[in-house]
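Remarks on the structure that follows.
Chain naming follows the written order as A, B, C, D, E and F, and within any one chain the residues start at number 1.
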Amino acid sequence: MPYVNVRILDDNVTAQQKSDVIAGITDVLVKVLGKNPDSTFVVIDEVPLENWGHKGKSIAELRKQPKA
Amino acid sequence: MPYVNVRILDDNVTAQQKSDVIAGITDVLVKVLGKNPDSTFVVIDEVPLENWGHKGKSIAELRKQPKA
Amino acid sequence: MPYVNVRILDDNVTAQQKSDVIAGITDVLVKVLGKNPDSTFVVIDEVPLENWGHKGKSIAELRKQPKA
Amino acid sequence: MPYVNVRILDDNVTAQQKSDVIAGITDVLVKVLGKNPDSTFVVIDEVPLENWGHKGKSIAELRKQPKA
Amino acid sequence: MPYVNVRILDDNVTAQQKSDVIAGITDVLVKVLGKNPDSTFVVIDEVPLENWGHKGKSIAELRKQPKA
Amino acid sequence: MPYVNVRILDDNVTAQQKSDVIAGITDVLVKVLGKNPDSTFVVIDEVPLENWGHKGKSIAELRKQPKA
């Protein structure tokens, strides 16, 4: 019955990558916890860069900063 | 004070259906738990088919498979 | 494939009430959205009163205040 | 290691306001809990008005109602 | 920056199994999405059997039913 | 109508600290977004150290490692 929510940046993730994330995480739960893939769900949320904050700034802001 | 998050596929759900989900779930919480509708919140998230995984595959992939 | 997360106060909710919330919400999704109960999941989280905030105070604090 | 999820209405929130929410919440966690900003994450979700329910109706419906 | 939330039944999961879930899911995100493990977080929630509903009943109820 | 979920380690956080987190975050949403505190909710989840993973290991494991 596992339900997994994966939150990542909305940053050019391809349909193939999403499929591979779903397959890979399902496989971990089947192998480690003995779960049935039929009752294993994975939902991916892609978050806009200006909506994800780290160190008190949005990722959109952090990417604009010149590197030291 | 209930907060309910409903996650469904982004699959042609109408505004009327969303209203009915909100009204129906609020009604359940009022009747079963005696909650005040004024402090009951329901948030619906519609998830793209390629972002929702089941049985190790996305729903977008599962729908493309021929039926047995 | 709906996944519903119900967050309520940890406030003497009985097993029967939780069953009724699960049954009632599942019924709403089946009737309004035509979902299959076999693929409908409801997870209830009970939150301690000092962990739930409203109006800038925890519910534990709000309940201690004398009523006007 | 805090992870904060802020869910608000999708209601003309500006990039500057989102930055200020991220900065302000990070500051609260640093000051109150002594957390390191480097390991503090804030994710903002903007929810469409017809997907957010209150008092058994969507906010989209509530805003259309004439005021008493 | 991925944040993953794994929700499973509170059903005698060992610390070793939780470590293996954390390691396995982190590995998937590193390999598929090229994420840095330093900014990859996995949070496991263990949900009581009477709080998780499926097919309109709690798992606690479903496990008590005689098999056909 | 904001709903904020704060997830932190279950690591000797006091009731006073939780109150201060609730008050501080509510204040940010009132000042930055002009929200009404009456409709602002903050829910804190305290996560056991062995359930929170970073860099592919649980925090419980990371804290046991000798420092370089």
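We take it that contacts are C-beta pairs under 8 Å (C-beta built on N, C-alpha and C of every residue); 3 or more make two chains touch, one makes a residue touch a chain.
Model, not experiment: these values are computed from the prediction.
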Counterpart interface for A-B, drawn from A-D, B-C or B-F and sharing over half of its contact pairs: A-D
E-F compared against A-E, more contacting pairs: A-E
Distance from chain C to chain A - Cα centre to Cα centre, in angstrom: 26
Intercentroid distance (Cα basis), chain F paired with chain C, Å: 20
In chain B, residues with contacts to at least two other chains: 1, 3, 7, 21, 25, 27, 41, 43, 52, 54
Interchain pairs in contact, sorted by label: A-B, A-C, A-D, A-E, B-C, B-D, B-F, C-E, C-F, D-E, D-F, E-F
Complex contacts: residues of chain E adjacent to chain D: 1, 3, 41, 43
Of chain A, residues touching chain B in the complex: 15, 18-19, 21-23, 25-27, 37-38, 40-46
Touch list for chain B against partner chain C, complex: 1-9, 13, 17, 20-21, 24-25, 27-29, 31-33, 35, 39, 52, 54, 59
Of chain B, residues touching chain A in the complex: 7, 47, 50-58, 60-61
